[in-house]
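Structures are listed in the sections that come next.
In what follows, chain A forms one complex with chain B and a second complex with chain C.
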Partner chain A sequence: MLKALSSLRDGVGFDILLVGAALVFLMALAGAPLIYNVLMSFQQVDMFTLGSLIRPFAGFDNYVAVVQQPEFWLVTRNTLIFVFGSMAGQFVLGFALALFFAQKFPGSATIRGLFLVSWVMPGLVVGAIWSWILAGDFGVLNVILRALGIIDANIFWKSDPAFSIWAVIIANIWLGLAFNMLLLSVGLAAIPRDLYEAAELDGANAFQRFWTITLPMMRSTIGAVLSLGLIGTLQQFDLFPALTEGGPANTSNVAGYWSWQLSFQLYDFAKGATVSVMMFLLVLFASVVYVRSTRHEVRG
Partner chain B sequence: MQIFKLGLFAGLAAGALVAAGPAYAQVTLKVWSIDGNDRPGIADTYSKEFDEANDDIVVEYRAVPFDELVNETLRAFATGNAPDIVSFDNPDFALFSSRGAMLDITERVANSEVLSQADYFEGPMNSVTWDGKIFGLPKYTDTIGIFYNKDLFAKAGLSEPPKTWDEVVEYAEKLTDPAAGVYGATFSARAGEEGTFQFLPIIQMSGGGYDKVNTEGAAHVLDLWKQMIDNGWASKDVLSLGQWDSTGTFNSGNAAMAISGPWEVDRMVEDAQFDWGVALLPTVTEGGERSSALGGFDWGIMSTTQHPDEAFRLLEFFASQDNRIFPEFGNLPARGDIELPETGIEKKDAALKVFQEQLQFAQPRGPHPEWQKISKAIYDAMQQALTGQMSSMDALNQAQATIDGIVN
Partner chain C sequence: MTRTYTPWFLLAVALALAAIYLFPLYWMYITSLKGGSEMFANPPTFWPRDPNPGVYGEVWARRTMPVYLWNSVLIASGVTAITVVLGTGCAYVLARYRNVWVDVGLFCVLMLQVLPASVMVTPLFVGFNQVGLLNYPRTAVVLAAAAKAMPFFVVLVRATFMSVPRELEEAALVDGNSRVGAFFSIVLPLARNGILVCAILTFMSAFGEYIYSKSIIQSPSLQPASVGLSGFLGPNSSDWSSIMAYSAIYVTPILAAFVILQRRIVSGLTSGALK
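This part shows the complex of A and B:
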């Protein structure tokens, strides 16, 4: 008894207590809603039974019904375009900016700080602003593109089925750019200067220094940025109602917004839960790939 | 967003007050509506007035965006944080009253000295009635018509507003002037309730209804709309513009015709630097059947309220101000006993007469407890046809199959 108590104060018992507290916390805040969500995707749910746990079992009916929706494949395609388009744009531009501001010119730190503005702005506000910028008839972007001679006729970013998903991607890239740039800047700052100096003495040019020093040293940072980018992009919601509402005709609808539409616009909570479970599987797959790819990494 | 934050702080402050001074027997009523998001409206104005005039009742008003109102209220109701009074778009009201979320006020209305059920028009009153009981009061009603720019019409040699949709297209071609940035027509074919609001009347005019959408006439008008968009007689952005923004282009002289409702009139009087008029919604065929959308909001007390007496007092106050809603806010009262005053603004009074006539042809959306799903089937079909993903008839047939699955 005494031994058990003392183990609680200092020893294995204490470790288990700490791990247990963290696990309980995780289960309550993340696990329970997740399980409830999975449960709901196998049940018949309507507004009457929203509050109760015991509901008629539906098997895979909800999954079959979701796949049979006419917009299912369109939404799947859009989700992939949105995720990869946004991530690629945020990462490449974020990296370019991080490298740019790593050149210590006067005011570089201040200007880099100003980029935070986009990050602290609520998605709905960003959406509203981009909604004006991307407006077809009087939008700023069209005026600029026309002045530069890139286009002859206005592009209806939000209303043309060929462009609607890109309207949201452009806004999302802008929204996530600062976050990517900051994380990558931190990674860049952590690379020891003398590595570059040594490489330079050995006659390595800028590209070779980037390829053989910067990229390998940044590997874990890049992995973190990309996985956070994936999560952030799948989470993105505010821009959709502000810009296109998934329209026209679902050509800019993605899984996250569709799930919300099914649950909270059509009150089909079971189907909404089903879509979100499908999204969860996608994230799970991506995380497994990420964890496996960084497992053998030598850190430090 | 700002309003929401303010409301939150006001709520915290009020909570602190109540906690600090229990001797002060103040009742707090939470009111939610869409008013006050883009311009002062009925709910925010009246709530403030009642709050200032009554020391024993604090009214906390929160403006919720149109598209989030039902969802937000549903969530609040499920978690026990529902407002005391809320106002819904009329097709949404049945959803709540049929499931016990709204307070039965039949007795209170019968005993009220301020209001009487008989004063209200039948259509709007039906939307707050369920199973023979009254669960709310109509806030206002509205409908849509076609606004037209008389100056541009005269310039194009046209004198009369269009009577059929074929004429709308014919006129739109004549009125379009790309050099001046003028479109022939503007409307809202958005992926949402507003899209259904503008398109459902066309289905109804062609002999259909919310449960029968694949009519020849509806497909024909969809083809006409597509023709206008494809030829640049209407902006492609009608697919993403709401009615308020869409009519904004009319007010600035960038569109010669606009489909919208009486809520636009006040702003139009102020903004439009040209002569304009409004006409009944065009029909599918010459002299054909008329229809129009029935819009408008309803007030209701939520069944979870702790202060039903005070909430009803506030509801009575709202109703007692109904004679102000046309002159001040441009909305039409849902009551027959209110004589609408001449405002002295010639265009506004003329518009009012047209909309009052149009109201006789206005048909409700639904009523159906699964209205949102039906509505999505309708606006999805409309957008699929207008973006050329499907032929008009195929899109409407697909919507019909979806609706059959819901209704039957």
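This part shows the complex of A and C:
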């Protein structure tokens, strides 16, 4: 007993206590829900059995039922468009901005920092602002696009089935762009300057330097940014209630929001859980990539 | 990397890019000041002809914003407190060793972060119902949101601890400090800035928490400002100057704090946490 106590003050016990407290907390509030969700996706659930653990076993019935829902393929397609559209936009624009702000000029760090305000904005507020900017009749984006001669007639971003998912993507790119830029800036700053100087002496042009030095040197950063981007995009929820509520006719619905709708609007908890388990498999893949990318990190 | 441009030209481009990027924020403030007819004017005015700041007071009172904002502050403080207390120790241990168990721990922490909140909300709702926590909905939301925020905090703070030289801690142990003593008197003070930055970020993101509050808290008097905002949002919303005024009141404190602390936050993140 005394030994255990002193190990708590002085030995491995101290480490175990520190890690253990956090892990127990996380297991209870994040691990258990995950297991419960998986369990529920294989059971028959209704309002009355919601609170009990033991319920009739349903096998893969819920999965079959979810796939047979008329909107299943539409939601799957939207989820893929949303994830890849958002990630591509956030990454390409974030990388471009990171490269731009890596140049030396007065105020570069301060102005780059201002971009990060989008990162601390509540998602719901971002959704509200973009909802007004994207409004079909009075939205300022249509006015600007018309003035620039890009479009002839107003686009009804939120209510036109062809554009509704893009309305959410635009808002999501704005929301996540700054974080991508910050991570990529940090990766850029870690590349030794003399590599570029040597390449320049050897006559490499800007594009060749980018292709042969910047990209390979940033491989692990890019891996981390992309996997965090995938996770973050799949988690995005707040923009949907603020912008389109998944509509019109599910043309902007994605798996995360659909799962919540099934559970909390239709009270079909088993199907909601099933959709979320399907989604989780995708996320699992992303986190394996992320953990692999941290394996090569350097100790400072 | 090319040196043909002058720095001042780059500065001008940077300011232009920032102006484009921050336009939505500008539009929020401008819209909130517009009156009824100007709101829907075509083409829209980029500066209000007849600014009407009265809408702020009206929205503040009519939407009972003090209650909502106070709830947001309470929830964000609770989340930050739990996250910092539990997360700091965890991050420290995960930074101090490199072995299979640390990899496993890190993987667990990350895996538990990646669950979308919309996935976790049903089981949490059921679980909280079982233990009677739904009678204290704000506490329930704090617990749920802290579990969501902690993994990110652990990852960031872990990197901060990695930049604390190990020799200093070992020296303290040789001098007769216990592990507890060395942790509190040497390691924590050295990592203080990084922890502070991450705590501020945790607070800011918890301030905008939405989905747990929306699903768990029923009574309007206990809901945070995000749920209050969602009350008059939707595909058919029309009262845009009030919505924008509400949004402005909601985010201005966070934005002001962020802009004031910007240099420290960004340098804190880039020097240690995001390496």
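Keep this in mind: the second predicted complex is superposed on the first by the 254 of 300 C-alpha atoms of A that agree within 3 Å, B and C clash if a C-alpha of one lies under 4 Å from a C-alpha of the other, contacts with A are read in each partner's own complex, and residues count from 1 in each chain.
Basically, contacts are C-beta pairs under 8 Å (C-beta built on N, C-alpha and C of every residue); 3 or more make two chains touch, one makes a residue touch a chain.
In this text the structure is predicted, and so the values were computed from the model without any measurement.
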Winner on chain A touched-residue count between chain B and chain C: chain C
Exercise. Of the partners chain B and chain C, which touch A:75 in the superposed model: first, second, both, neither?
Worked result: neither
May I ask you to decide whether A:15 touches chain B, chain C, both, or neither, giving the answer as first, second, both or neither? second
*Pick one for A:175: touches chain B only (first), chain C only (second), both, or neither.*
neither
Name the contact category of A:272: first (chain B only), second (chain C only), both, or neither. second
Task = Examine A:160 and indicate which partner it touches, taking first as chain B and second as chain C; both and neither are also allowed.
result = first
- Message: I'd like to know which partner A:58 touches here: chain B for first, chain C for second, both or neither.
- Response: neither
Just to be sure I read the superposition right, which of the two partners does A:125 touch: chain B = first, chain C = second, or both, or neither? both
A:250 in the overlay: touching chain B, chain C, both, or neither? Say first, second, both or neither. first
Applying the touch criterion given at the start, work out whether A:264 contacts chain B, chain C, both or neither, answering first, second, both or neither.
-> both
Residue overlap on chain A between the chain B interface and the chain C interface 50-51, 122, 124-125, 137, 158-159, 241, 243-245, 247-248, 264
Chain C partner, complex, touching residues on chain A are 9-11, 14-15, 17-19, 21-23, 25-27, 29-34, 36-37, 40, 50-51, 97, 100-101, 103-118, 120-133, 137-138, 140, 143, 147, 158-159, 174, 177, 182-183, 185-186, 189-190, 196, 206, 209, 231, 234-235, 237-238, 241-245, 247-248, 256-257, 259-260, 263-264, 269, 272-273, 276, 279-280, 283-284, 286-287, 290-291, 294, 297-300
Touching chain A in the complex, chain B uses residues 1, 67, 71, 74-75, 78, 95, 99, 181, 190-192, 235-240, 249, 254, 370, 372-373, 376, 380, 383-384, 386-387, 389, 398
Interface with chain A, chain C side, in the complex: residues 1-2, 5, 7-8, 10-11, 13-15, 17-18, 21-22, 24-25, 27-28, 31, 39-40, 42-44, 82, 86-87, 89-90, 92-94, 96-97, 103, 105-124, 126-127, 129-130, 143-144, 146-148, 150-151, 154, 162-163, 178-180, 183, 201, 204-205, 207-208, 210-211, 214-215, 226, 229-230, 233-235, 237, 240, 243-244, 247, 250-251, 254-255, 258-259, 262-263, 265-266, 269-270, 272, 274-275
Contacts from chain A onto chain B in the complex sit at residues 47-48, 50-51, 70-71, 122, 124-125, 135-137, 156, 158-161, 241, 243-251, 261, 264-268
